[in-house]
Amino acid sequence: MLIQILLPGLLLSGLYALIAIGFTMIFSVGRVLNLGYGAFIMFGGYIYYQSAQILGLGKVPSFVIATAAGVLLGLIVYVILIRKLKGDAIAIEISTLIFAIVTQAAIIVVFSPSPKSMWPLIPGVLRVGDVIVTYNLVVAAVTSWVVLAALFLFIGKTHIGRAIRAVSMDPKGAVISGIDPDRINLIIWGLSGGLGAMAGIFLATYTQLAPAMWVAPLIIAVAVVIVGGIGSILGGLVAAHVIGMLETITTTLIAAELRGVATMLLIILVLIIAPKGLFGKAEL
Amino acid sequence: MSYFTENKGFDTLSATSENRPQPMLEARGLTKSFGGLMATKNVSLHVNPGESLGIIGPNGAGKTTLLNLLTKEITPDQGSVFLNGNCIDRLSIHKRVLAGLARTYQVPRPFHDLTIQEHIRVGMMPDGLFDMLLHGADDEKELKIAESVGLGGERAQQYPYELAMGDLRRLELVRTLATEPSILLLDEVFAGLTVKEIDQISELLTNRRATHSTTYMIVSHDLKALEPLVDRVVVINFGEVMTEGTFREVVADTDVQNAYLGTGWEQE
Amino acid sequence: MFAKGTNKGFLGWMIFGIAMLALPLFASSATVRIFVFANYIAIFAISWDVLSGRTGYISFGHPFLIGIGGYTTALLTHHLDMPLYITIPAAVLVTMIAGTLFFLPALRIRGTYFALVTLAFMELMYGLVQVVAPDITGGTRGLTGLPSIVTGAVSNYYLSFGVMFTLGLAMWLLIRTRLGTALGSIGMNEEAVRACGLNTTKLKLFAFTLSAMIAGLGGAMYIHYLGSIAPRGLFDVSFLFTILVACLLGGAGTITGPIMGAFFLTLLLEFLRPYIPGSERYLIYGVATLVLYVLQPRGIHRLIQITVNWFVEGFMRRKST
Amino acid sequence: MKISKSSKLLLAVAAMLLGSGMSGSSIAQDKDPIVVGYIGSFASDTGLSTIRGAEIAIDELNAAGGVLDGRMIKFVKADTREDVAEGIKAYEYLVESENVDFIISGSIDDVSLGWLPRMAEYKTPTLDTWTSYVGIIDLVVNEYDKYKMYFMNIACDEALATLYIDFGKDVLAKEMGYTSTVLMYEDTAFGVSIAGLVEGLLAPEAGIKISEKIIYDANTVDFAPLFNKAVSSGADFIYLVSSVRSQVPASQYVKLQVPIPMTGVNVAAFGQDFWNDTGGLGAGTSTLSPVPSVGMALDDRSAEFITNYKARYGSERPIYPHFNGFNAYYGIYTAFAAAERAGGFAPLDDWIREMENEDLKLYKDGELWFRYAFWKRGEIEPRTQREYTHNVKFDITPPFDDGSPAMVVVQWYEDGSSAVIYPPKFATGKFQEPSWVK
């Protein structure tokens, strides 16, 4: 019974962590919610589908193309929308929400609203006793840990990383020390777009593509940010695991239909009891 | 303010056992720590009615924390605050204001979409929702209060973003004055001002002291500007009361001089 | 009692009221139907604006309040056959109680965090309606055949417009009283309001309850107008989107702005229909909204202000030369 | 496909800019046209099936000289975007702006329930081709005067489930020897009501024990824990009920190579595009389907309809109409046949009377294959002992010579083909377990 929870829970958590990273980054650095983050995920998934399944360009090139397209989309959103709104958090949240809805409408026009299933990135399954997990999910989880580790090093060890951290902690102070927050934000949005697209590929190859698919991962990302607290990559990782495990436990042991309800209750409780999240440092 | 006559729910301990005049505001043993750091340690002090008390000390000495403890923006770990001899520990921020204890902030906190006159309106606002709803603003009185800090006439229709730092301080002051405080706590009123602006604010306060009976507690590390405004000074260092006395006594104290060494004391 | 300039604005309201009262005389019943929807969206936008536009506590969960009102009256009429003059006030009351529940997180958190809790409330409600007692709530499919208050396009138009106009004008007057100033100042700097001796908890509770009351009334009347209720139509991002965007596109915190926003969005979408019947319509609608919003985040209200000022100034200049 | 979409978009914008010039001009005809409205989604396969079925029928009728003494039929459409409030607005638009005489609907359950009060208010004759919710039929049964203008020409879900139990008895229990199942269903009203019917009948009627029930959240991303739980329960097969995002459980079942068979209701598998949409990951799925389903042998007239459909729409999806495409095609014919006899769609009661008398029978090799007629008021279905007023005249008892079967079971094979496997009269293939099940 234990392995039935631990193994799938761990892998699902990995996928969730991957979904949340790009979202957490923007929130940590710019203190704004990118409610259009789900659109990055959806965009990545659809580009990959078009490239790999329709045009037949192969998995690896398609993966690269989709991720690059995500980076591009992130940059475009930043330049067209975010920069113009000059840090007005509410305006950014609303305009990114509208952006997500526009993306959904565009996807319907181009790809039709019918959901599409995709070939797994890595086919095959892993059997541990009675428990079955796909390699696809294993790879997604491993990728997310690798990406998180890389990001950890990037933020900690590189010059740009330190600049990002500085902007995250104190944007005004960063300006004084000669950092251009606009450039840092541009980099962050590009990164976030790419990471979102990458997560979208894993999510879509595991579940399906649909024009409304941006909502569910957005909620997961929001939950991870809230539970983990802002400004903490490690916190996000732990939170992704808390939520992934909670879902698996709810699904397996309590009642599968309460999966979403459990996550929502967790969000509400954390926000009311510990609004800074479990690992957050920032003031509200 | 008639607050006390309406609410008799709190302790009415006598302020002191000694036979001296009842202080207007008294702190007894205020202690607060953040994490492992003691921000204030067992701070006791008092302000007598009509008096103006200066609080000085180097940066990070705990002056602003003390103010926050007095107004309950921060709840103390230990210690009590008395207003006119009544313990007000259980009163929240806004109730303390209603009881006559008001403050300004070191960084002005204006309402960005309200005019100066509307700031005064918020300050004068009654406590009851129906009162707010049914009775309109007293235009004349608002303008008179604005006039008293030199923001009257056309200036009363200006928005915060149109104001220089000195005027923002006035705005902060006038909004607080509109609450008709019996004791006013001023936090770093001179910070970020030009010499000319300091003179203007200083003059404003001096004049006001001559015409009104308000009690003051003024926090500043600009000793020169503070000197003419205070009757007595309390020095705070490392979260503790170091010494107290008249301005001259305190300035002459060698311990105080040492505490201020390297913090710009000599230049002043 | 009211701030200066109220009289001039009041004149505007009267012109708006008369024009709208006359609308059914020259508009087709199809157009009138569109305006009924616009009126209801405007009611929801007013409700949102009273809470979020003024106090700065941005609600992403308004459909939660509207849904509570809608479901209360739907369940009471559908299962217990209770008359509307009991169920609608009951719905308003229950929504106001739910509004205080909504209020609890506002004691501790604000800004983005508050927005997220309210969003979680909406999602939670969506989940619960489907899972808990679906035979009573109608589950995913919802309930249909609910009684209507009045029938026909024109009567529904006058009913919805009357309520919208009354609420809108009342709220517009409210924000011009001292209470309105106090509520607005919370959105600008809550600590400073407290330092002015105001009980912000009481003020916020008032705003929440008032907003919930309007949402409950609007929600209850709306579902009786629709004649049916379904969770997917209510606790839904696109419904939330319409309300939020109506307010922000119109100009939050002004009451008149959100009403304009609600009309603009509803009419834009419907007038596009004969030319672009398919999915492309939503794309154009979304892009138009996005462009307009990014160009002027303070909304149509501000655009109109700028335009009017420009004309007035031009007129003055010409007069003086 | 992308190019045609974007050029359509450009045209649409241009049309919009031209403004009222277009809406003013009407088709020059001697007589006013009869207006048929479509309500439903524009872009989904479901919606497109109804639209195209109706379009083909209308063009055929117009080409044959029109209806009701040579009047042409004009077809107008209103998009619901599968949204309840949009559906109500769309219904209002059709009646108030387009003055439709008759509405054909491809709406899904809650959207139909949403506009139903408008239909009752406007008294517009309306025919639903997709939703099978028995609750709507119950409204017609219980409040006939209010909802009498409503017809549904797909067998309601209760009839679907009843016949499905026979499949469990005849095939799953007798032929395959299954004795226990895991009932896995989504937490939607559809899932709960179908599962309820199955649960009540499967054990007593078919002798299959339900060893475990798993209700899941319709937004579930990861079905691995659910399948793991199902497998460890030791049951012989999984009975899945899924209408929302049904490709997810179907494709994860294949991706995870779940070692026990799975059957049930999978709405996504109703269409021919299912195979491409799942990228071949639909193998092993079997589902009940309303008729006429994919993989089903057709009578001559229906076969001709398919020929026309393919000639007209080519490779644009859906490449083969869902059942509601047929329902819309025949629905237009029956509605106009009734209108011819009643002298039009008004007076309403005349048309309803004639629609109730409508009886379109389609034969294949001398056997009754499909039938588009409706249950009359007060008529009792012998097996379930209840009324189904204005539901299509389905048949749930072999030899199915009284109406179309309420449903058939469709099986998707691992080579991408599909076949009907039940009832035997319509079967073109056999029930098959996926190759990875030992």
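Just so it is clear, A, B, C and D label the chains in written order, and each chain counts residues from 1 on its own.
Just so it is clear, a residue touches a chain if its C-beta (ideal position, glycine included) is under 8 Å from a C-beta of that chain, and two chains touch if they have at least 3 such contacts.
Remember, it's a predicted structure, so these values are computed and weren't measured experimentally.
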- prompt: Which other chains touch subunit C while also touching subunit D?
  reply: A
Field: From subunit A, the most remote chain by mean C-alpha position
entry: B
Message: Centroid of subunit A to centroid of subunit D, CA atoms only: how many Å?
response: 37
Query: What is the distance in Å between the mean C-alpha positions of subunit B and subunit D?
result: 75
Message: What's the distance between the Cα centroids of subunit A and subunit C, rounded to whole Å?
response: 32
Query: If you average the CA atoms of subunit B and of subunit C, how many Å lie between those two points?
result: 42
Message: Counting only residues that touch at least two other chains, what does the list for subunit A look like?
response: 108-109, 113, 257-258, 260-261
- line: Contacts with two or more other chains occur in subunit C at residues 127, 131, 238, 279-280, 282-283
Message: Which category does the touching pattern between chains fall into here: line, ring, star, complete, or other?
response: other
Message: Dump the list of chain pairs that touch, please.
response: A-C, A-D, B-C, C-D
Field: Touching residues (chain side subunit C, partner subunit B) in the complex
entry: 1-3, 174, 177-179, 181-182, 184-185, 188-189, 191-200, 202-203, 206
Field: Complex contacts: residues of subunit D adjacent to subunit C
entry: 8-9, 12-13, 15-16, 22-23, 42-43, 77-79, 81, 83-85, 88-89, 92-93, 96-97, 109-110, 113-118, 120-121, 133, 135, 139, 143, 146, 187-190, 192, 217-218
Message: With touch defined as at the start, can you tell me which subunit A residues reach subunit D in the complex?
response: 4-5, 8-9, 11-12, 15, 53, 108-110, 112-120, 123, 125, 130-134, 136-137, 203, 206-208, 210, 216, 247-248, 251-252, 255-261
- prompt: For the complex, which residues does subunit D have touching subunit A?
  reply: 2, 5, 9, 41, 43-45, 82, 187, 214-217, 219-222, 224-229, 231-232, 245, 247-248, 250-252, 255-259, 268, 273, 277-282, 317
Task: Going by the contact rule at the top, pick out the subunit B residues touching subunit C in the complex.
output: 71, 73, 92-95, 97-98, 102-103, 105, 109-114, 118, 121-123, 125, 127, 129, 132-137, 175-176, 178-179
